[in-house]
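There are two complexes below, and they share chain A, which is joined by chain B in the first and by chain C in the second.
Showing the complex of A and B:
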C-alpha cells in the first residue's frame, strides 16, 4: 500500500473524527435531530470501512460495535442521552489509539463497548425492523471470525459479488474471501468471467472476475458484511423465496446503510421491475448481475460508502501542494511588481497595459489562493466545546459555553497552531477562573458559569476572545507570586495589564493545586510563544470577582499582505495596510521633537506620534516636509512620522532569519519591484518599543 | 575520479580573507559566491547580521564574521576595494538548515587540503575555541582558520533572541 494512500487515510480519519465529535456534541444539544444521528452513523461507518481497508482489524471491530449501538439510535429504539453521548465521545477518543496500535492494558475499550452495549441492549428487543435483530448479534462476537449461523434462515440465497477495481491494490485476496464464504456455508461456486477484457485492455491490478455462490441455508447480510470488510466489493444477495419478510439487498451495503434517508425500500416486491435479474433463478451465473453490480441503480447515489459521505464538489488537496502554490503566487507577485516598474520606465502604452493586466491577474490569483487556505474557526470549536463539557463535569462547575463567529475564517496554518493555545486558555478559564458552585452562590452569581468564545475580523486581523464570568485575577496575588518566583523585582512599578501578562512568563503558574487537567500540556508561556510565532499577540483584561477576558490578535494570513511603502532616510519600509488608518502631512510646528511628548490634534482627538527616524536610528537629516501615518494597534492609535509615502504594494512576506530576531519591530521582509528588500514593520512591536509613549497614548486616547 | 578516491584523505575548501586573517570553509557548505549586492539595513538587528540581501528572490541575512572572530583590522591597504565578495552558505542554525550570506574582503581559491594537515586550535590561542574547528598552514605559510559557521550562527541567533 503506498504511503500516499496511508496519508490520505490518516487525513481522512482526522476529518472524520472531527466530524464525529462535532456530531456527537451537537447531538447532545438537539438529541432529536435525525440528520445528526445519521451523520454520526455515517462517520462511524466510513471510519470502519476505510479502517478495514487499511487493515486496522481492531479498529474495524471496535467501531463495528460502536456503530451497532448507534444503529439503534437511528432506528429509534434507543434515545439519545447525555450518558450515551459521553460514552460515544469516550469511544471516539479510543480510535486514534486503535489506529496507532497502542495497547489498552486497563481494558478501557472493552469497558466502553460493554457500557454502550448495556445501554442500548435493554431497549433493543422490539426488533421488528429488519436490521435490528441481526445488528444485536455481532456485539458479542469477535470480529472477523466467521461464525455458524445461530438461526439458520429458512430459505437459501445466492450471493453474487465482484471486487471493486482497487480492491486488489488495497490488499484484498480473493481466495481468502472465497474461503470465508465457504466456511459460512457457501456452495456451488461459479466464476463470472464476462467482465474480463481483451489482453490489450487488461489492467493487472483489477480483479475482473466475479463470483456467485449459493447458500442453501441462507446467509445474513451482517455475515456478508464482515467478509467484505477487508475486501471492498459490490455484492448482491437473492433470496430463494421472495416472500414477505425477506428483504432485497441487491443494493448491497449502501441500500442498507442509507436506506432510510434515500427512501430505498428494504422489501423486494416494490422493486422487481428495476432489476429483473434479481428475480431470476438463483443458479444463473449470468453475465448480467456482475456488470450491473459496479453500477447500482439510480436510487443509490454512489457505489462506495465514503464517497456518499463526501460532497462531490470538493477536492481534497494535500496542504503541501497549497503551500507550493502559495510560494509560486508569492514569486509571481514579486515579478509582477518588477514588471510594473519596468513598464512604467518604458513609457510604452502597450507594455503598460499588459503589465496592468498581469497585475490584475496576479491579484486575483493571490486572492483565490489565499481563500483556498482559509478554514473557518468551526473546526476548532468542536474541540473547545468538548473540552468545556468534560471540564465542567469533572470539576463540577456547570458552565454555559457560548460561541460567536464560528464562521470566521483564518489561514489553515494559523488554525492548526491555534488549537493548543486556545484549549489551554479555555482550560484555565474553567479550572482556575471559574468558581465552584458554592462560591458562586455565596457571591450571588448565577449558578451556571459562562464562558464565551468569539472570533471577529478586525481589519487584517482576527480577534479571538475568551471571556469568562469567573472570579477574575487578583493583580496583588500575581504580583506577589511573580516576586516570589523571581520574575520581577519587588520595587517594580507595573500596571494591572502588565501584571496580568506575567502569567505568560515561563515558570509562572497561578494554580494553587495542580489539577489533573491543568497540570499537563503546554504552559502559558508556550501559549504566548505560539501566538507570537504566528505574528499575533495576547491581551488580558480581568476584574476581580467579575471575570477575565483573554484576547488573541492574529493575522489573517501569513503569506501576502497589502502594504504601504514608506521612506525614511532613503530606506524603504512597508507598513501593513491593515494597520494604517490615515495619512497626512506633519504640521510644520511639529517638525522638531518636543520634550514633553509629541501629540497631534486629529479632529479634536489627541494622537501621540513617534518618529521612525529616531526609532530606527537614521543618521541623515529629515526633509522639511514629512508625513504622518496614523496606525492602529490594539486599542491605541498612534502616528508614525516618515519622510515620504511611496505608495501601496502587494507584499509577499519573507521571514527574517533567526539571526535578526533582535530586530523586534521588523516582522518580515519583502522584495520590491526594483529588486531591493523592504522590511515590514511590526506595528504592535514598534509601539511596544516606543515604550512610555504608548502607555501615555492609551491614557490620552481614552 | 580522484575526488572520490581521496574523499577520506582530503577536503576541498574555499579560502578567503577578512582583514588580514585567512579563513577556509568546506566547499560543501558553499552555495555560491556573489559580487556585492544592494544591502538593506535591519534596524535593531545587532552587529553580527545587520543587513539583508535579495539573492534571486530569497531574502538572506548578511553576516559579518569580524564580531565573533574578533577581527578588527581592515587588511592590507593595497587590497582592491572591488575584491569584496559575499559567500552564500548553507548551514545549520539551531539545528535547522538555513542559508546565510557572509562578507569577505577577498576570495582566494578553491583548495584541496589533506585532512591530516588540519590541526586543533592551540589551547592558548586568541580565537574563541567554540567558533573554530581547526587550522592549517596555507601555501604562503600563514595560518588559515576554519570557522565553525553553524556554531557561530547558532550562538549569534541565541544572542539575538535574548536581546
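Showing the complex of A and C:
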C-alpha cells in the first residue's frame, strides 16, 4: 500500500465525512427525503468499504453498526428523529479518531453504538432479531492463503465438464480453464462435440464443446472449484476406483461455501432444487417479510438517480496545484498586458491581432481558473447549522436557522478563511444576541428565535448577512463600555453605526460574564481583521429589541480583477471594474472646485462627486475636459472626477507592503503593460473618506 | 499486447488501489467513477475485463452490467463485482444481470491479481 494510496484515502475520507455531516444535518431539516437517507447510507457504506480496504478494521466494524442503524431508516422501519441525527453526528465525530487509532478510554464509541442500536432496535423487528449480523462481514480474509487440503486423492480421476451456455457471454475463456487444468496435472484432453448442433441452429455465443481430462494423480474438489471460479461449468469427476460412492458434486453448495470463505466466487447455477438445505436461510429468495434478515444494503434505491444528492462527476486536484495554476495565470495576465501595449506601439496589424487573440485567451483562461477555485457556500453552511444546533441546545435558546443562497460561490481561499469569522458572528448572535426564552416571552416575541444567514452576489462582491431577531444592541451600553475601556473619549460624538463598529475594536466585549462559548477576549476584532485581510469589510446594523444584522462584504476572488485604468496628474490608477457603473464627461459648469454643490444630475438622481485631484492633493492644473466615473459600493453611489480614462485591463493584484498601510484608499498595486506600477483604488474606503457627502446623497436621491 | 481492465468505483481510493496494483502487474487500466461512466467507457473503449463496485451514485453496478450485456460492445466482457456485501441475494442479482464473478471487499492486492489472472489467463 503506497503512501499515495493512503493519502488518497485520507482525502476521500475527509470529503465523505463532510458529505455525511451535511447529509445528516440536512436530514434533520427534511427527514423524509429519501435521497438524503440514501446519501447518508452510501457515505457510510463507502467509508466502511474503503476503510476496510486500507486496513482500518476497527473503523469498518464501528461503521457497520452505524450503517445497520441507517439501513433501518432506509427501509422505513425507523423514523428520522432529532435524537437519531444527534447520535449520528456524534458517531460521525468518532470516525477521525478511529482512523488515527486514538484510544477510547471512556467507552464513548461503545456508548454511541449502543444508543444507536437501541434506538433502532425497538422499531420494526419486535426485539427478537439479533442485532448487527457482524458475522456476515468477512473483514480480514486473505485469498492468498493456501486452501486447506482435504484427504489426498491418490487414485487417478477423469474430469468431464461443459461450460454453461451463457459462460462465453459472461466472458469466461475456455483456454484459460484448460491451461489451469493442465497445470494441475491434467492430461489426455479430449473434446466432446456431441452437443454441437447443425450450422443453422448454432449460436455463436454458446460453447457447445465439452471436454474431458484425465488426472493420473487425482484432483481435489477444491482445486476444480477454483478452476471454475470464473468460468461456470457443469462438471463431474469420475475416479478410477470409486471407493465411497459417486462424486456427484453439488456445484451450488461449493460455490456458496467457497465464496463465503474466500470472499471471491463465481455464481452458482440457478437451480433451486440443488440448493442444499443448510444454505437455505441465506440463499432463500424470501420475498415474505423476514424481519430478522437485514436487507442487503445494495437495494434498488441506490440506483435511483437523485440529482439533488449526487455530486457532479469531478476530478480531485490538490489545492496547491490550483494555487500554482492561479499564480501562472496571474503572471500570464501581466505579460499579456505588456504584449498588448507593445503591439499597440508597433502599429503592426498582424501583431495587434495576435495580441488581441492572446488577450482573449488569457481572459478565458483566467475565468476558467477562477471558476475552478469557486466553492459554494454550502460547505460552510453545514458547519454553521451544526454550531447553531449545539448552541441552541446548550443555552436552551431554541433557534430556527434559515439559510438563503447556499449555492452562492466564493473563492476557495475566501471560504476557508471565512469559516472562523462566520462561526464567531453566529455564536455571538445566539450567545449575546438572543434573549432567553423567558425574556422573549415577556417581550411578546415568538418563543423560538430566528437567525438568518444569507449570501448573495452583488457586483464583484458577495454579501453575507447574519441577521437575528434577538435583543439588538444598545448604543448607550456600548458607548459606556467603550469609554470604560478607553477606546473612545467621553466627549466624542458618534453616530449609532459608528458606535456599533466599536465592538470590533480589540479588547471590547459586552458580555456581562465570560461564557465558555464566546467572549473569550479574542472577539470581534479578530473577525474584522480576518475580513479585512480578505479585502472585505464588515457592517453592523442593530435596533434595540428587534435584532442585529451583521453584513460581510467580500470580494469574489483575491487575485485578479478587471480594472479601469484612469489618469490623474500624470499618475495612472486602477479602479476595480466591478465597482464602475457609468462614465461621463464632467459638465463644464462643474469643472471649478467648489465647497458645495458637487452633485451631478444623473437621470433625475443627484449623485455626489469627489475630485481625485483634491483627495490626492495634486498641485497642477486640471485639464479642461475631465471625466466622471460613477462607482458603487454597497448602497452608495459616488462620482469620481479623473483627468483621463485610459482603458480597461486585467489586473493582477499585488499587495502593498505594511508601510503603505496608512494609505487607506489604496487597496493594492498592479504592474502595467509598460512595467510601471499603478495603484488600485479602494472604492469603499474612498467612499468612507467622502463620508458626509455620501450620507447626504441618500437623502438627495430619495 | 497487455490487457485493459476497467475499474468502476465511486471511491477514489479503491479505484486508485485497483489501478495501481493492476498497472504494476502490467495491465492497462481505465477508471470510471460510477455505473454511467463505466458504461460509457466500456462501450467506447476496448476493455478486456471490468471490475465494478455495486453501490454507486447515478447507476449502480448491477444496472451497469445489465445495460452492458444488452449492448453489442458489452457482450462477452468478463465482469467481476466488488462488494462489501457477501449477501447471496446480491450475488444472485449480479449473476442474473450478467456478472461473471464477485469479490468481497476488503481484498489484498495479491488477491486482486489472482482473480484477474483467473479471469484473463
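Note that the second predicted complex is superposed on the first by the 398 of 702 C-alpha atoms of A that agree within 3 Å, B and C clash if a C-alpha of one lies under 4 Å from a C-alpha of the other, contacts with A are read in each partner's own complex, and residues count from 1 in each chain.
Definition applied: contacts are C-beta pairs under 8 Å (C-beta built on N, C-alpha and C of every residue); 3 or more make two chains touch, one makes a residue touch a chain.
The shown structure was predicted, so the numbers you read here are calculated from the model rather than taken from an experiment.
Between chain B and chain C, it is C that contacts the larger number of residues in chain A. Legend: residue contacts after superposition of the two complexes on their common chain; A:654 is shown touching chain B, with no touch to chain C. Of the two partner chains placed by the overlay, only chain B lies in contact with A:666; chain C stays clear of it.
Of the two partner chains, chain B is the only one touched by A:678; chain C is not. Contacts of A:331 after superposition: chain B is touched, whereas chain C is not reached.
Of the two partner chains placed by superposition, only chain C is touched by A:45; chain B is not. Those residues of chain C that touch chain A in the shared complex are 10-14, 16-17, 20, 33-35, 37, 49, 53-60, 62-63, 69, 75-80, 83-96, 98-111, 114-115, 118-121.
Of all the residues in chain B, the ones that touch chain A in their complex are 38, 40-46, 48-49, 52-54, 57-61, 63, 93-94, 98, 100, 153, 156-157, 159-161, 163. For chain A in complex with chain C, the residues that touch the partner chain are 1-2, 4-5, 8-9, 11-12, 42, 45-46, 48-50, 52-55, 60, 136-144, 166, 168-173, 175-176, 179-180, 205, 226, 229-230, 232, 256, 259-260, 263-268, 270, 279, 282-283, 285, 296-298, 302-303, 305-306, 309-311, 313, 316. Put simply, chain A touches chain B in their complex at residues 331, 334, 571, 615-617, 654-666, 669-671, 675-679.
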